[in-house]
Every structure is written in C-alpha cells, then in structure tokens.
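As written, the chains take the letters A, B and C, and residue 1 is the first residue of each chain.
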Amino acid sequence: MLKQEDNERLVRVGAGKPAGELFRRYWQPALLSSELIEPDGPPVRVRLLGEDLVAFRDTNGRVGLVEAYCAHRRAPLFFGRNEECGIRCTYHGWKFDVDGRCVDLPSEPAPSTLKDKVRITAYPTLERGGIVWTYMGPRDRMPAPPDYEWTRVPDTHRHVSKTFEQCNYLQALEGGLDTTHSSFLHNNKLGDTNALRQRDLAPTLEVEKTDYGYYYVSTRKAGADGSYVRVYHYVMPAQQMRGSVAGWSGRNELPSIHGHLWMPIDDEHTWVFNFVYGYDKSTPITPEAAEYSESFYGRGKDDLIPGTFRLKRNKDNDYLIDRAEQKTSTYTGIKGVNTQDYALQEGMGPIVDRSKEHLGTSDKAIIQMRQLLLEATHDVERGRAPKAADPASYRGVRPHDGLVPAGADWRDVLGGEIVAKW
Amino acid sequence: MLKQEDNERLVRVGAGKPAGELFRRYWQPALLSSELIEPDGPPVRVRLLGEDLVAFRDTNGRVGLVEAYCAHRRAPLFFGRNEECGIRCTYHGWKFDVDGRCVDLPSEPAPSTLKDKVRITAYPTLERGGIVWTYMGPRDRMPAPPDYEWTRVPDTHRHVSKTFEQCNYLQALEGGLDTTHSSFLHNNKLGDTNALRQRDLAPTLEVEKTDYGYYYVSTRKAGADGSYVRVYHYVMPAQQMRGSVAGWSGRNELPSIHGHLWMPIDDEHTWVFNFVYGYDKSTPITPEAAEYSESFYGRGKDDLIPGTFRLKRNKDNDYLIDRAEQKTSTYTGIKGVNTQDYALQEGMGPIVDRSKEHLGTSDKAIIQMRQLLLEATHDVERGRAPKAADPASYRGVRPHDGLVPAGADWRDVLGGEIVAKW
Amino acid sequence: MLKQEDNERLVRVGAGKPAGELFRRYWQPALLSSELIEPDGPPVRVRLLGEDLVAFRDTNGRVGLVEAYCAHRRAPLFFGRNEECGIRCTYHGWKFDVDGRCVDLPSEPAPSTLKDKVRITAYPTLERGGIVWTYMGPRDRMPAPPDYEWTRVPDTHRHVSKTFEQCNYLQALEGGLDTTHSSFLHNNKLGDTNALRQRDLAPTLEVEKTDYGYYYVSTRKAGADGSYVRVYHYVMPAQQMRGSVAGWSGRNELPSIHGHLWMPIDDEHTWVFNFVYGYDKSTPITPEAAEYSESFYGRGKDDLIPGTFRLKRNKDNDYLIDRAEQKTSTYTGIKGVNTQDYALQEGMGPIVDRSKEHLGTSDKAIIQMRQLLLEATHDVERGRAPKAADPASYRGVRPHDGLVPAGADWRDVLGGEIVAKW
C-alpha cells in the first residue's frame, strides 16, 4: 500500500516531476544500437520520459539524440535528411549536428549570423552492450558511463532486445523484482510438483540494501534437495538482474544470466530492455540460443508485430488467451513468459492505484524498492547524487540461483557466484 | 427542455452521482445467464455504472460479480482461473469466492493470517428470466428480487438478448418510451397509408402515474377501425414494456409482448436488454420465432459483430444507410428497427444537451419520466426508497395494444389485457 | 516567435474566440459544389469553425447549411430525408428549409402552433467558382459576396478541389505563404542546380501591405538570367495566390494560376481548398490538365482514400516516405508536392508552440501575416470591419512569377501581369 501522494511521486516521469528528475540523473537506455545500423541511415523516433526525440547515426558513426522539432518553425526532424555529419530539416534545410549545434542555415541570405544563435536540445549518448545510452539531466551532474557486467562481455556472449509495454514503468518493474509470481503466473506445466518453483509456493525473502539499491535472496523449500535459492539484484532506478540458471524445469538452456531495464516512454508506456549474457567465457550466446530465449519469453521473431517492438499477443486481443489450455496445461493459457507478465501488468490499467493494495511478506522486495526510489527522489531534490549513479557501486555484481543443501548457508554455496567475472 | 443542472443530475451514473445512486437502489441486469454457460467456465468482463467488474459462474453454479482487480497488487482477475468455487488470480494465486472472501492465499508462508483480512468488492447476484441480476447499493436497502411478468414465464415462452449502445442511457430510454417516432423512423414501407401507425402521425397521449412509474395510453385515429391504442409501461428506473401485438403492418408474428431495460455501462455507453415473451400459454417463443424477432429488430445472428454484442451496422459506418432505399422504400434507408433507433440515439452524440430541446405534447411521456427520475434521485438523497424498488408495485402489469371501436372506452376494450397472466 | 498569448489568440477558431470571430466576418468556403450534385440528394456532414453542420441541396437547387441536430430532441439531421424543399428529421418528421424555418411538424396534433416557434441555425450560402460559400457571423455585418478573379472565370477555365489536413490552419497557411521552402522541401530532382529555385536558396523578400492583406515579392538570383521573381498575394484571413508559371523546372504545364484557401474545421483540423485557373482566355483547364495538376500536388484521383478527401499518404503511414529515394532522388522521399507540405505541417503536431521558434528574414511574410491577423482580431473586437471583408479590396489582383533581367525593376517587367484580367 502506498499513499496516493507517494504513488504520484513515483509514477510521473515528465521533466520537473520527482521521479522524472530522478530518472534524469542516470544514463538510461534510449534504443538498441541495432536500430541505427548504418551511418547516415534513416532517423528513428524516440520518446523518453515524456519527451519526443529523434535519433540518428551520423557519417562518423556517432549517435545524435535531439529534440523532435526544428528550431526554426518546429518542423519534424524525423522526416529530415541524415547526411554529412548532421540531420537536415527538409523544410528549409537547417542542419544540426549530434550536439544540437546548427551547422548550416542555407535559407538566410549572407551575411546572416542566425546560425550561430540557434541550437536544438541534444542529449549526450554513448554505446555499450548493444544499447545507445543517454543522459537527460543537468550536465554538471552527469555520472560516469554505465558499467554493468553485461555491458562488458564481448558481443558474442550477449544478446539484447527491446519490447513495448503499455503501462507505467513502476508496475512493470515491480513484476520484475517479484520472484513469487513465477511459481504461479509462469507455471507452464500444471501438476508438475517436482519443478523447483512448484515445490514451495511461498518463498521467504531477505533484502540487503547496497550502494546501488539492494540484492535479495529468496528461499524455497526443495525437499530432499534442501533449498532453492535465488539472488536478484535491483540496480536503481529500474534494473533487475536475476538468477535463473537452475530454475526452469524441463528447460535445456545454456548457463546464462538474464535481466531487464525499464525505461519510461511516458507515464503510461514503457520500453523494456532485455539482456542475456554468458555465465562464463565458454558460454557464447549464439544466434540460435538468443532466439530460443527470446521465443521462450514470448518475444521471438514470430511474436512481434513486424516493424515494431509490440507483441502480437497483446492487450487488444487479450494476449490470445486459450481458456482450454488454462484448464489443462498452463496456469494462464497465455504463451510466452513475458507475455504472461504483460497480461497482468498491462491489465492493471495504465497506472495502478496503490492505495488499494494489500501487501504481504512476499512483497518485501517491492516495498523496499519503493522506499529506495522515494528516498532517491528526495536526494535529488536536496541536491545529492542518488544511489547507483556511480557505476563503482554495481560494477562488481551478478545474480545467481541454485540449490543449497539442508543446513548449509547460501553464502557458502552460492556466494562466489554473485560476483562479476567479466 | 431540461436545465443543464437537471440534465447532469440524470445522466451521470458513477457512484456518488444522483442518478448513479438511484440506479444502485434496484436489482439491475448485469449480463445474460447464457454468457456464463458452464460452472468454472471463462470469466467475463462486465462494466456497470462506471465500475469494472468480472463475472464468473462457480463450481456450484453460483454467479460471482466482483471487482476487476485483485486485492493484493491490483492484477486483473479477468485472466484468473475459475476453479473449485472461486476465482484465482494468476499473479500469485490468491483466490476469492462469489462473496468476495479470500479463500486461499498460497503465496504467504504459514502461519500468515493475511487471508482473513483480505476481501474484494462482490455484488450479490441472482438469476431470473435468463438474466443475471445484481444489486450494487447499500445492503440494508436491498429490495426483494425482481418480479416482472416476463421473468416468471417458463423459458420456453421467453427470449432475452443484449445489445451494446454507444451513448448515454437516457436518450436511449427516451426513444424507448416514445411511441410517436414509430410512425416515422420505423416506417419501413413508404406510401402504405393503411398501416395502423401511418393513418395518424400525431397520437394523443395520456400518462397515468403509478407506484412503479407510469403507464401511458397513446391513441391514433384509425378511420373506420376506430382508434389504435397502445399501452406502455415505464417501470423505473429504466424499463419499457410496450404493446406491439397489433401494430406492425404486414408482419406475421405470434402474439407476444416486448420490452427493453437500459443499463448504463458508464455515462457514455449502455447495455440494452431486450425481452420478448408469450402472450399466453399457447404462445411459446420457439428459437425460430426468437430469431425472426431479433432479426426484425436488426440484432439477429447475422447482424452482430461475432463475439460481441455490437451491431455490424453501427455508428462507424453510418449504419450502412442506403440513400436510394431511403428515397423509394423506407423512411431511413437503414435496415433493422432498433438499428434505426441506434442511428438516431447515438447520432445525438454521447450525451444530449437537453437545454436546446423544443418539446411538444407528443413528448408528454418523456417529460413525465424525467420528472419521476428527478424526484427519485431526491428520494434517495432523503433516505427514502424510490418508486418501483418494491416488486409488488409492478408484478401485476403487462402492456398491450389494439383497436378500439369509435365511441368505446379503451379501458372497456383493452383493460383486461394490461394485467399480468403469468 | 510569438508570445503564447498571441498564439492562442490566433489558433482558436471556436465561436467567441478572437480568431473564431474574425473568421466569422468573411464569406468562407464550406464545401465543393460538386459534393451536392443533385437537388434532394444525400445530405453531407460539414464541420466548420468547431460547429457541426449538415449541408443539403434542396428541390430548387438552393444549398442549406444548418446545424447538425434537430430542434426537437437533438436527433442527427444527417440521417434526414432531403425532400420537397427541406430536410426532414427521420425521428418525428420535423422538416426545416434552407433558412432554418420549421416548415412541417407532423407529430403534433392539430391545432398545434409549435411549428411557428421552432427554428434551427442556418447559415446563408451562395455558390461561386465551384464552391459553396457561407457566412457564419452576425447578419448585420455580412459583407458582399466573394469576388476573386478565380471565381469569375468560366467553369471551363477553372478547377477546384479540397483536401483534409490534420492540424491547425495557421501552420498550414504559414506554409502556403512561405516561398523559401519550395527550394528545399519541393526539390524533386536532387542535383539539378539549374532549376530556378535551386540557383538561389535564400531569396530576399519585400512585403507590401494592402487593403486585402499584402502582396510580397521574393527575388532569387538566377545567374545570367537575372533574377527569378515571384509575387504572392495574401488575402485575409487565409487565402494564398501564388505565382508559379515559370517556377517548376522540367514541368510542361499550361500557363495557369494557383492558390489555396485554408478553412478551419476546428482547432486541430483544416480543409484546404485548392484552385487553379487559366492565365488567359486561351488557357482552358481541361480535365486532363486538372488531373495532371492535382496529381503533381499529390491529390489526384489515385492519391485519395476513396469516399474521403484524405490522402492515402498521410500521417498514419509517415506519408509512405521512401528513404532510399530521399538519398538519391528527391529531398524528402515523399511523393506529391502538397503531400510534402502536409508531412511537415502535420508533423509539427496539432498546434505549433510558436514561443519556441527562431525566425529569420525569410520569414518576413509570415511575421507580417500574423501581425495583420492579430490586428484584425482587435478590429473585430472594436466593432470595425476587418481588412478584406470588402471584395473591392482584392477583386483586381492576381499573382505572377517570372524572370527579370539584371538591372531591371520587377515592376517594369512583371507589373502588368499582377492585375486581374478576367
């Protein structure tokens, strides 16, 4: 349960709003590098934190991320010409470089100096881990570049993707930090009580706060196998890294590590960036393995509306729920693990009214995340750097999961695995 | 003409609004029983009076009508599992029975008592006449179950259906209480001046107030046949029963009685429940007769968008009006008697501005209905039961129509017919 | 740049708003005469200045333009019967003539006098130049009928059309008064530096205020050919007449004169009326020439969504931009000169925030137009007739363009051509 006032504080992401300003203090994922393949290729519309932007890769391969409208008379730069180190408005040929400087203004007779006075908003960008990152906050507060373990592995050992979600980021992030629901929502084999997540439906949670947010340890009784333990990391403001090596019964997957970042498009829409990377150097993520994983989560090549990042199984068609299958075979009757997530998260409506909730002990991690975010909004208001702005805080971590024999401490068994190895 | 202030008082149906509270003092039609065929079948989304609900038929055949979101973190129960006497949220397995009690909460470790503290809103339901009825008001004000004649006849002698209308309930109800328009809008044979409703376009109206609302008597001159008289009942807040046995020229229909109930979905959308029932025991409503009637009204099997209650001929396609047919053959060029109604009623816009009206004597019944509704909203505000809450007020009535010879009193000729016989 | 307050003053067109009242002081184009071909034919929905209207051609060929809803209970007259000199509501048969008088009211019993008290809003209309014009302001301020040169030429020498634009009228009008962009946006042959508009990308502008608004003269250096000069007329409040005889390189067109009128549908949608007419008596506009011109501008028969005035290449499909073509062949990769305009104008969003602009000397004509409109709104508020209300102010003008040898004054060379000859 959250007071309406605190809920508002967390869900509004526009400029000047508490959470909006918080998100603007981090390097954030703007789009996939693969959306801007070639230099001087087509510009791409990008909407982030309620701002309409245009991204383009210039002649030298640098990525520009600029406001969507020309400084002159507000014509849309999306229709612009991306050429010779800048994007040129097709209305009167005004041209801007990746830094937002006007570098050509051919419609004014010489000796006009208008060019020197004109700029458009341009956010700094950098590319790491297959992602174009941007920083949309005050320049004097700009942190060092993002440095997650998954951004350091070679491209051969990582796969990233992006999906569109039709709701506020917070209810999506909450789903991502919630281990318990995977025993229900993601139960894709009804009656299989031997699966690790089915042996105990009510895990206990311990949350440890850190400089980057927290990690939490969920423990499920696993009978003769002892306990099934998962370690999640929450990296502020909106990243999850989860242990899922041992968890999926019947799944023949390479040892790999998974996670998501949620990036608000605006108050009611979210980009979900998904990553998977190799557990160790002997675990490349081949194209086949990547597609297997994407498809398992419901966002494989055949699962997306062509030319978009939107699922074919979506809110408009009730995720193609199959009620017969729900009776006999899977918990939801909906195909795709993340599609199941979206059905629940989007089905809550655009923004959850958290004053109507009833939380339990299994919601500990979510409660803690909200508190951290609330504190961080106050930090920003007081002029302090929020947690996790400094990459040193999180660069050494990775998540994990595995079995812990009865009587053993999870730290002794799995502790060595929750340390970054790349 | 209605003052803007009174119009607002009548058209807003959300909780806390005058008309919203009035509607909440009656048993109201929520959905068709046939939408919930089998126990433990798929849940159905229901929106009533601005509230999002989910209906399900439990293992014992009881119908639950509960709020659409789980008490835990507001996940949508529509995607829930309907099983073993309750609906189970697919997020964390919380389960609720038809009374809204949480009967299982498997995601919390023992010995949690959270289950006992958790409830969701559940409205009482009952089934009569092929309809699931619900009462959404304060429990201590709940009236006795609905008891219309059409709900008492055996299933073999009744047919009910439901259609979606894209406007406020009041302009739809007004159309339903208006006999005069049937001489114009529903004139489906131009030039047939012998049809009873074409012989006199300006009926006179007498309205008699009753404990359930009113009945009114419309009289059209019918030449050598005397007068054509129709008796309508208005049962508050939004039911019409109409005499239509003799009225349709060229129509070869069994003697039967018809009517509608209008149930606000929200301020701008309405469910129309339609009923037809046998005039007497020798008049079963066979499936063929039912489909003939539905089709005549424009809502037969081929007239609906599959899987919905929306007409194929609808606002988005101008009801497929055929202007050539309008010139030569029917008054509107639109097929289907109720489709004609919807064209006019929806074409007024979502909510009519009644301050711009010019009413005549033919609008007597409508004027009276508005006054009764306004009075009833005041009754509710003063803590009184509104008219028609008590089924004793209306259980004995039925509508009728027929010819009355010149010089005779309609009461002598038709009076015996406006009494319920089932 | 425009203060937010002045921008609001110019962009809002509803009744009672400054620009809305200004537009209501002129005869305005309502629809094409060809939309109402036959007497007693189907009525047409028309929305103008935020008002919902219905147009119909009565039995005698007169055009009625009346409010969209019946005076009785606000049923939509669009579904009405257009017959015997009036439009008849299909709800209860009330009938109104082109002057808004109720001429039949059959639903009331004699001797009702209700008919005499009932009227609906009806705006006066007249037809000139293939257009139905209307005047929506106070009757005592109604100006003389429109009298543009293009409305005077015989039908054989004129072609008019209409297109739907999905943005506020002002950004569309600004595009229409802007000559400079044609050197960029409409450059449909990259690399052709010999084309008159490509030889000089930064024309100089002189604006001369007149009683009807202004004319302006743009001058582009044309090398050995001297200068390329275009004379535009801005006829208030929203008409452009442009010189385009000599301008299009490689185009084999008859000498003809072109222009547009922008008529606000509401704040966020606009009708664009397009005209072309013969330069002189020997220049008829044949159907082939008309279709050639329409097609060149992107609004030919194959360019419109059938049954509408909306382009197939529109905002929803990014105007079918072809990025490869944009690289190699045309400035935009978008087909159709006016489609290019719409891409930019609609792409600005529904209403431009002009407080974020940066204007140059090439925007002189636009700046002057805004000032004239602002002054005219104040004229109306002070009870004065705005400029251009009197047709005498503009009846003698026409636009032109052509080459002016070095050292010559454009007036000496082209002056004789900017005078109406019809």
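Here is the rule we go by: a contact is a pair of C-beta atoms (placed from the backbone, for glycine too) under 8 Å apart; a residue touches a chain by one contact, two chains touch by 3 or more.
Fair warning: this is a prediction, and the values are worked out from it, not measured in the lab.
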Given chain B and chain C, the chains that contact each of them: A
Interface numbering overlap (same over half, different under half) for chain A and chain B: different
Gap in Å, rounded to a whole number, between the CA centres of chain B and chain A: 48
Junction residues of chain B - those touching two or more other chains: none
Contacting residues of chain B [partner chain C, same complex]: 171, 174, 180-181, 183-185, 201-204, 318-319, 321, 323, 326, 331-332, 334, 340, 343-344, 347-349, 352-354, 356-363, 366
Residue ranges of chain A touching chain C (in the complex, touch as defined): 41-42, 69, 71-76, 78-79, 81, 90-93, 105-110, 112, 114, 117-118
